[in-house]
């Protein structure tokens, strides 16, 4: 009960060792390399070294689920078993890439696994699984509330043997990265279709296709999240061959639906680790600092806030685990309530946990000297990722009301 | 995983049926009977009928744990397996008594099971298990912060063959009830003992012993919680025979420690049910009421609050379950962190859930027409029961800081 | 600036002295008298004595505004100048009646002053001003969201020379009180009128009129608020003469509008005093109590919560004062935004302030031994009084959005 | 009442016009200039143009208080009268510099006005008042809780005719700026003095003095706050002449005390404007955006949050104003309670207001496309500026407890 498989436990032990030996010890080096890089989105030698180490340690593509076991060496992991591993990676924000487990590539690889043709898999999935290239998923648009996926407006028109794309996207994670080679683009092929869920399609657009411009990187709370980052893109008469469509015309919404549930959970898993690490740092801080003749750790308000943070993390983690377990056993569609509850609870709780932990660090807590401020930013934008929490609360609230409105 | 034993599931099904047939349907009758009673602490025929029904349905003494299986017919239940049953009972505040599962009798019965002599068991435990008498546990004192159990001041002096008690207690749950026959009283037999944890003893004081006065019932937020209630007591030269001591002189603190962990968990289990029912009532309400031309259920703020309440209840429930599971597998002492987290999180969360649900009911939500206001009171005083949350956060915070202060 | 007139300051000084000499010193006596009363809604000799003292001290009808100076001896007070006096009275929940300043009589008296005929004033206003009789204002109905005053359904039909009333009301404050002699009743005289604001009228119904039944008192959070209380009423063919209409047919909404703004402010003024007193009690408590070897007052979390409560009270008070000043200078209609902000902020803030102060008192803080629990109840139901806060936030939010949607 | 002097009102009108004509219209230009600057701390031509315009418009050195009227053209302004002007400037974070009203220069200029010699004023105050140079105030140290000013450790030793400084400082606002020419440095001249408040002195250290190294800029939540910024400094045998001491040896704490109260208030005044603008932007946003077939402005949760934000801003503003008025009439020392309440309430409230407003903007709300994220950062670090809120709550809580512990 509440216990992970032996495989998961072993991987976690290996991962913890790896984090201690290769990740924490390289945090400053990584920060320095990024800080002094001429191009913040260029490949970083340190990252490539660490990836090689991770592969060698058997810590590669841990996100691959059991039903796609053929794509990994570890035999696949259930959501429930992957959760503690993703949490561990969440302790250092840039570490998931080391294990080829970072967003948005994991979600994109799953799209290829689920919906790609043999050829598409060969060309894009294979190098993605090898960590040789990166990818982007282009859905959000600046002009519409993209949380309602039926709102996207980018036009995808058939002209002869080609699809022609016109439109604008933003918050396209990974687009700036130099190794990113392929974009999965959601748009409308049939905007007048009577069913709002059959108007969309998704097509593959290789980076460098004429007419596709990366306008600018975007920051959130001052962070550019390099080397992955979030970009604004413009599509002007971007042409790709007919076979670049995924799954088929009119099936874009279907792909989006299948992709987003897991992505939300991965963010939440990692955020638990981000919050947990902030808590641990805070514990070390309050034990090491004295004000007004008393160790911070002896102030009652500090103890109350540490206590509250511990409880919040514990509850958030349990919510993630139960939701994972339910996805494993009943699938995403039957778990939309719990996914919604998780998506709208965990980021906000972790934002608050980290806020308290930063405060215990004095002014330094807000700076780059600690990982907390960046973790705070991660939690904060997750409250917007895949649509603002409020949109998910709307759906969840409606579902719960229906469930109980009739009961006694 | 997250799944209860078949036995627990069957009992829950039976219990749910019983609630539907015998409890919800009698809520108004019960309220009316209590309201019009001359003595609010006297036995109520309706309750006695329901107890007989519950016994007949095999829903009796469900709280009895596995290691005391000899005291019940169902073979004993782990904490984890009892949790959903207690939650179900928490939906109607007076219902636990129907199943002989109400505080403080459950805790007192466990004290007798664990520490009573054969004679004590025969005289007190047997009728308690049969639901024929009730009991009280007298620990809290008005003049000291009783959350620190070493603070109690009631004096217990040996004089010849007798213990002589002098002191004052309050918030003594059940003391007013006419069927209450026995008080377990914590006091100091050796106030100068060098160990602060060996100064206390617990002795049995039958109701009616000369010198023991029930001063008055106490209300919390206006509720007297009759027919169980909370009372203030005075002990003036109250004499009981030497054999009325429990376990032995100087072992009162030890008994208190063993008793309180489970008690806290039981409150939290029930409060989940109290909150859950408030949520369900709110769902029914918002679906049935229209303001400003729109069903309440269609207002976005209502949906957000329902969503938030669902998530809070889910997290609170998971926290309770994990803590229960840890008690089952590692014992109370190894679970103090999780018990502390539960005790300081669940009542406050349920108070807030219920507050929102009351608000959705308009002014009526605060009245006796719904069970919510009384549930709110229950959640509120649980933030004080067994000591204010802050005391538990002090201990938990200290423990967590120690745990992580050394780690990286 | 932020300074009250000399008259207001003098009255406040007199009032503070009066509170010290006559009110605080009688709190226990009052509680005891009410507790042991056979009829909790009957006149209490202590109250009558105190009223006589208050009159003699010139502390009578302090609520009377300047433009109705003829109805009082003090020349009338602006809202701004009355605020600190009402705050002072709010420190003891039953004290406003001592000064003839309690709801709902103050609001009702203003209705008579503004809209009553000479005869109506003679018959009802005069004894109300003298404190000889009490009154009720019957607006809220159990079946409709009465916060939208156009929703009321009680039928008022003209039959010959009479109005005939049929319907149900609840939360009718004061109705149970034995001295209450007159009800101002809002209902619909023309339910089909094309303007939703001209369908309503208000008529005067003397207590004892055949067909008018007081069904029951209602409690909120367990309190009956006797001797004033809140009741449910049924009107079955209740007949009153034609001249009992106030202001004129179809003008009920207009009266309601004019009455409610000031009433909300009075509640908020008093609640500041209720919260302030809780803060003062908490300060005394934490200075007098020691836990774990340290005065409570030295615990950092206590200091933070005292600090937060002080700040909250200060802000709430300023919000009340600015709103009062704006009503004084620009009238109620031009101050609806600030009235809404006050009504939806102050009760919730005071609920939270009192919650913290109760918690600092341990279990006792929830009981009748302190005034806090009852104050908590007052703050809580004010979040529902005159409609749930959410309704007022709806109107305020809409107004603010309109104000700024065009600006830059 | 609540009304500003005619002078203040006139200046506000002029300032509003200036903001509309010169500031809002240049926000994009300013952002672009900074973004594309090679040196983010170098003078920006746009800023110099705007400063000239502001001078010409009579909007220069508005912060100068009445008792230093000789240093400005407008005759000096009370705190109360300056508040709305500072609020207006707070709407655009970089605008205070346009009016020579930005931190830390305003505080430093006041230090010179209050404590500088004629020579010091001539050399430093004059060009500061003219906006020709900038200055820094070096107090916070990374190794000690600098919120307790007696903790600073930087060593200031007399050697012959010189002071020799050794130590480390951080969060030194303005230090990176190319125009910054002078640092006011707090350190210990007599670390063994029996009075902890007489150990400190403040000396003037011109930028460029050998031994003074600017180590690095610091970011908070990802922002470097260029061109003013916050830096870390090292002092290694930095030598300045004896006359560079301010006020006299051992008087550093006294200077710090006098400087910090006003500084805190200025931050709070500006933050009101930052929050107010976020609210206005949110109102425009929700009126212009439609989701799920309904304007955002019609969603009830949006209205509730707009309502709550309006109320919070109103209360925060009133708290600032009352505190200002009290400083004006009774001085800083007699207003420490209200300054503490303001410092610990307003930044947190504005952080929450802005958080809500960002959320209403979708993902874009977190980016550089709006001013909100940067405003959020400003509010967040103000909760640490001059010491974490908790330190101020400790002092305020203690003071309030003392005030009321004796009263009834």
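Read from first to last, the chains carry the letters A, B, C and D; within each, the first residue is number 1.
Operating definition for what follows: a contact is a pair of C-beta atoms (placed from the backbone, for glycine too) under 8 Å apart; a residue touches a chain by one contact, two chains touch by 3 or more.
Source: prediction; values computed, not measured.
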Select the chain at the greatest separation from subunit C, using centres from the mean of Cα atoms.
A
Counting C-beta pairs in contact for B-D and for C-D, the higher total belongs to C-D
Taking each chain's centre as its mean C-alpha position, how far apart are subunit B and subunit D in Å?
53
Approximate Å spacing (C-alpha centroids) for the pair subunit C, subunit D
43
So which stretches of subunit A touch two or more other chains?
300-304, 390, 394
For subunit A, which residues count as touching subunit D in their complex?
140, 142, 145, 147-148, 170-171, 218-223, 289-292, 301, 359, 362-369, 373-374, 376-377, 380-381, 383-385, 388-391, 394
Within their complex, subunit B touches subunit A through residues 1-3, 20, 24, 80, 279-280, 283-284, 286-288, 297, 300, 302-308, 310-311, 314-316, 318-319, 322, 325, 337-338, 340-342, 344-345, 390, 392-394, 396-398, 400-401, 403-408
Give every residue of subunit A touching subunit C within the complex, in rising order.
299-304
